[in-house]
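Next come two complexes, and both contain chain A; in the first it sits with chain B, in the second with chain C.
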Partner chain A sequence: MSQRQEKREAHSRSAWRSHLGAYGFMAPAGILVIIFFLIPVAIVLYLSVTNLASSNFTSDLARMEFIGLKNFRTLFNDQFARKIFFNTIFYVLVTLSFFNVGLALIVSLLTTHIDRNAGFFFRALWILPRITSPVVYILIWKRMMAEAPFGIINQFNEILGQPTFNYVSTNPWVFVVLVNGFIGVSFGMIIFTSAIESIPRDLLNASLVDGSSKLQRIRYVILPLIRWPLLFVVTYQTLSLLTSFEEILLLTDGGPGLYRTEVWSLTAFHRALSNYFGNAQWGYGSAFAVLLVFIGVVLAVIYMRVFRFDELVAEPRVEAL
Partner chain B sequence: MSSKLRLALVFFLLFGLLAGAGLAQDSVSITVRCKASPPEEDWRCNSFAVVEEQVEAELGIDIDLNLIQDNAGWGDYKNEFVLASEAGEAPDIILSGHEDIGAWAPAGFIIPLDDVIGMHSEFDDIVPSLWDSHGYAGQIWGIPQDAEARPIFYSKLLLRDLGWSEDDIESLPDRVVAGEWTFADMLATAEAAIEEGIVDEGNGWWHRPSNGPDFLYYYFGHGGEVLDMEGNLVVDREALVATYELLGGAVASGVLRSDIIGLDWNEVWHPTVAQADTVLFAAGGTWNWPNWSINYVADKGGDEFLFENIGLTLIPAMATGNAITLTHPLTYMISSGSANPDVALELIAAITTPEHNNKHAIDSFHLGILNAQLESEAYANNRLLSSAHYMLDHTTALPNHPGWNAWSNAYFLGIQAVETGEADAAGAADIAIAQMQNELGDGIAVR
Partner chain C sequence: MRITIDNLTKKFGDVVGVEDLTLHIEDGEFVAFLGPSGCGKTTTLLTLAGIYKPTDGVIRFGDRVVNTVQPKDRNIGMVFQSYALYPHMTVFQNIAYPLKLKKVSKADQHDRVRQVANVMGIGNLLDRRPGQLSGGQQQRVALGRALVKEPDILLFDEPLSNLDARLRLTMRGEIKHLQKNLAITSIYVTHDQVEAMTMADRIAVMSGGHLQAFDSPDELYNRPKTQFVAGFVGNPPMNFVNVEVSQANGSYVAQAEALQLTLGAERGEPAARSDGEVVLGMRPEDIQISDAGDVAGEIFIVEPLGREDLIDVRVGPHSFIVLAGAETQYQAGDPVKLSFDMGQSQFFDPATERSLLWRQ
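This part shows the complex of A and B:
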């Protein structure tokens, strides 16, 4: 072996050794992703091409009957699939923009611009919906919204001589978005607040010295500096909302009427896991879940492109200088 | 203590243990899972505890009985059994709706009982018509636990306000049976009550606020069928349209609320109907009565208040001309994973007696399943049961078929469509039929 080759091999070994640490650090997260994402996706993908139901249920993959794309054909021929799809888009867009990102950002900015203890108190209040059990949380909402004489809001309406309403029936989307939005605010609020708090004071003070108003400081200093947390919250919360359904299940169960508040993940649950008369359709429900995974992955890639993820995770230029 | 004495003591101890083990009765473990709402339905599971010693003595074995009473939603309850069966951890006895036979029998989760039913004379006395809803593929797969009727509850209080005499009110069930007072009469009475301001618009008649077996009797009442002679799923378009016309028409005339589906059972439906002062007619189930008595009108006198202000009758005749109801018997099924199916069946036989079933029937207002029970003093003298038992002569039942869930979900979609005004009756029928055809393919015939 020539000296040159020996050198090259030694270099390669040293490069592998130097990367070993990085792989080691990534391994726990990688293993978790494989166990809790890749393997379940593969299983759901397989279930979606079978006719698995309670009436032929088995956990043995080899015994499941392969039916090709029949479930997907049934899904695309379903007269309500389009409605449920657009319900999902509406629900995610409205909840995300008004609450999970919009209100979260406003609460963070407001509570970081007032007395520190007061800010802490208000943020703690906003965390309450998140830490309350979903069932208890929805019971509280249901008790508030119930029709007269049972609901609290309607009791006030009666006292004030106003007409009473069955709010779940008349304004289901308003309450579905409010119920989920109040929970969603806390996540973005915590991330944004910590990001704002970590901006060097020098930068914030310098902008004031330069004559900027508080609004200008938010627009030109704070928001650009929290772009990375914004990307993270938008991406994470989009995917979270896409798959969340438990509050809708407990509040409206997708109704009233013809799938008025039914979202895609709730349909997957209804088909695969929950049916009043039993005989759940695991295979068909999995077809809904597979499409949800596909949409989630596509959206994640789009977000990374739009927010220029590569640049955000690049070496910090300040330290590089 | 000398070493010899110690040795002798150890010897006797060991001998005693071995002898004890040899003489001890065989011990078998039996797990029973029951869907039951406490406290009125506790006997569904608790009866097994009462007969445990009796069965132990009869079989000469020691039974390690594990009773699990569950009040989960039906969907979750049924899935639990499916998953547990596949995991090899299913209970020996599962109590569920008879329609589950249609899914669990072909899946192999429960065992057929034809060959062993004859070994227990207790089963000979079961009301013959109840066996009809326990069959699948020519075999019997469960033992009836109870029966019930789904009647119309009428407010005597509001009918009095409407000018009905006590005779009119008390004779209503008989007039319904005779076909003299029909569903059309019921709707007309409700409309009159609204016009006279006795009830608010939408409170003339309430049906259940969520999907469930009741809705099928409107379809049956219009001559519809779910299974053909060969046991295949069918849908009758004419009956479907007529059913949706009835429901949509009731909303249009102001008798029925357009938002009835989605009302909360416990927050709104039960507390409102039980008071008897708001809703004129309500389609419910016999078991609602003890629930109302215990949970909603106990402070007003419980049963006495209900007897004074609420009556129950069959569903008045629709197009077929016959008053009907629907029975949804719960059934004890034996898991195919049970190591001791013979002991499980012995336990079920031991509680299938008038003495034990009466306790459940009286506490929960479910109808009896045994002929002897109907003649027993406790049952015959019970005011509630005696006022409803005749309904079993006019009953219908759900089909046992794997495609029933797809059929019923599509049927319910049509109901939602027509009641919320999102489709007319013909449009709702189109929606339901398209949904059935999409999901059942060749498995459904449209007539």
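This part shows the complex of A and C:
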């Protein structure tokens, strides 16, 4: 072996060794991503091109048939798929704009402009929906909104001599959005608050001395400086809302009536795991899930490109003075 | 604009920022607030700016009480230590921001920003963002932004602290020149006594939330009214040593272990009046190393500064910082004689830290 070869080999060996630490640090997250994302996606992808369902499920899995894209053809011809698709877009857009971003921004702006302790108190209140177990949380809502004589609000209606309502069945979307929105506020609120509080004090004082009112300061200084956290929350919460369904499942289960508040991820669940008559269509449900994963990944890539998240990671914008 | 501060107190909960401050600043005057960190100088400045509301006391701009006036309605310009430029705006937009808020027309904004930028020597940088500027350039932009709205009062919050030493010297001169030309009443907060001495017409020395002295630089240096002022103003700082002053045979003697100094009646008499020990203060330039000296000591350390040497001389248990010409070749351990120019000596009451020579 020539000396040069030896050297090169020693070099590559030491390069591998010097990277060992980095791989070691990445390993825990990497393993989690593989076990809980990549492998399930692979399984779902595989299931989506089979006819596996409880009706043909035997101990002999080999009888499961490969049926190509038949599930997807069925899906695109499904008379309700279109409605569910637009339901999903409506649900995500309305919840995102009014609550996950809109109200989150308002709450963080208000709580950073009042006494520090009071601000902390109100933010803590807004975190409650997030840390309450979804089942308990939905039960609270259901008890409040229930028909007379059970519902709390209807009890007040009765006391005041007003007519009573079955709120959830007359305005299901209002409640689906409210229930999810109240949970969604806390995420954006935390991100926005920390971004606002990391704006240097001098900069905020300078704006007041320069002649701005508090509202003008929000418009000309604070909002431009938290642009990146804003984009991040929009992105992250779009993806998060696209895949969230447990609150809707517990509140309306997609009803009332046929698919009135059914969203895409809930359909995947219904088809695959909770069909009427106990007929679980694992393969068909997987087809819904696959489309959702596809949409999610495409959106994520677009967001990353458009908003240049690599730059966001490279240097914190707010601190760049 | 005349600024009148009467009995100003600002507390944050139980923490006192500044207490019972009374200060009258004349129109067009350049006043420095000097003191160590946490002395209340920045609190006072931010209260003047309207960022903080006074807990007690009255602030007047001219004849108008401004205690509860919003910052935007005070017509002040302010320059910050961190420059506080808006990172998302260009230099032009930064300087134009106060005008935009005043709803000045676009054309006027353009003219006035250009004019100020040219005065500040940053006319060629208007399209850049703050991140693309050096510290000195950023500070000029910050000054431009403070000046563009033609303020009645200029507030400076340690504006030169983040600049390198050389640039600080240049900017010091420029700010002083600018202030004299525009004759805008200015308040300049600093912990650097050289800045305060060189720039200000009068200096308000603060410590622990209280005003220690408010005088011209000359007065503060030559007739310090408290031991704090004597120690804070002047670089290298004044030497302090506890002595007993007594009268003998028509002359006065200040005595301590290994130290005996004769002084005239002018300073000796008020110093001797108090019983027991008093604090003697001597500036380094008023102590000479000379063979004619009558105090024997030993050199502890020599610090060359180029133009002169800073020499720490130990006399018995005491330590004196002395200035000596750079041409001298003293070494640590050398025995030397010191001569004290007692005509320049200061005396303080050790309990109250007030001067025994100069009454407030």
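Please note the rule applied: the second predicted complex is superposed on the first by the 258 of 321 C-alpha atoms of A that agree within 3 Å, B and C clash if a C-alpha of one lies under 4 Å from a C-alpha of the other, contacts with A are read in each partner's own complex, and residues count from 1 in each chain.
Everything that follows uses one rule, which is that a residue touches a chain if its C-beta (ideal position, glycine included) is under 8 Å from a C-beta of that chain, and two chains touch if they have at least 3 such contacts.
All values derive from a computational prediction rather than experimental measurement.
When both complexes are superposed on chain A, chain B and chain C sit side by side without a clash. In the superposed model, A:A53 lies in contact with chain B only, and not with chain C. Once the two complexes are laid over each other on the shared chain, residue contacts for A:P224 go to chain C alone; chain B is not touched. By the touch criterion defined above, A:D202 lies against chain C but remains apart from chain B after alignment on the C-alpha atoms of chain A. In the superposed model, A:S194 lies in contact with neither chain B nor chain C. Contacts of A:S97 after superposition on the shared chain: neither chain B nor chain C is touched. By the touch criterion stated above, A:L258 is placed in contact with chain B alone, chain C being left untouched.
By the document's definition of touching, of the two partners only chain C reaches A:D210; chain B does not.
Counting the residues of chain A touched by each of chain B and chain C gives the higher count for B.
For the pair chain B and chain C, the least inter-chain C-alpha distance in the overlaid model is 51 Å.
The interface of chain A with chain B does not overlap its interface with chain C at any residue. Residues 73-76, 78-79, 82, 85-87, 96-97, 99-100, 102-104, 106-107, 109, 210-212, 258-259, 261-264, 267-268, 271, 398, 402, 404-406, 408-409, 413, 416-417, 420, 422, 431, 434-435, 438-439 of chain B are the ones touching chain A in the complex.
Of all residues in chain C, only 46, 49-51, 70-72, 74, 76-78, 80-88, 97-98, 101-102, 130-131, 145, 149, 155, 157 touch chain A in the complex they form. The residues of chain A lying in touch with chain B in their complex are 53-59, 74, 77-79, 142-143, 146-147, 150, 166, 168-170, 252-253, 255-258, 273-281, 284. Of all residues in chain A, only 200, 202-203, 205-213, 216, 220-221, 224-225, 227, 317, 320-321 touch chain C in the complex they form.
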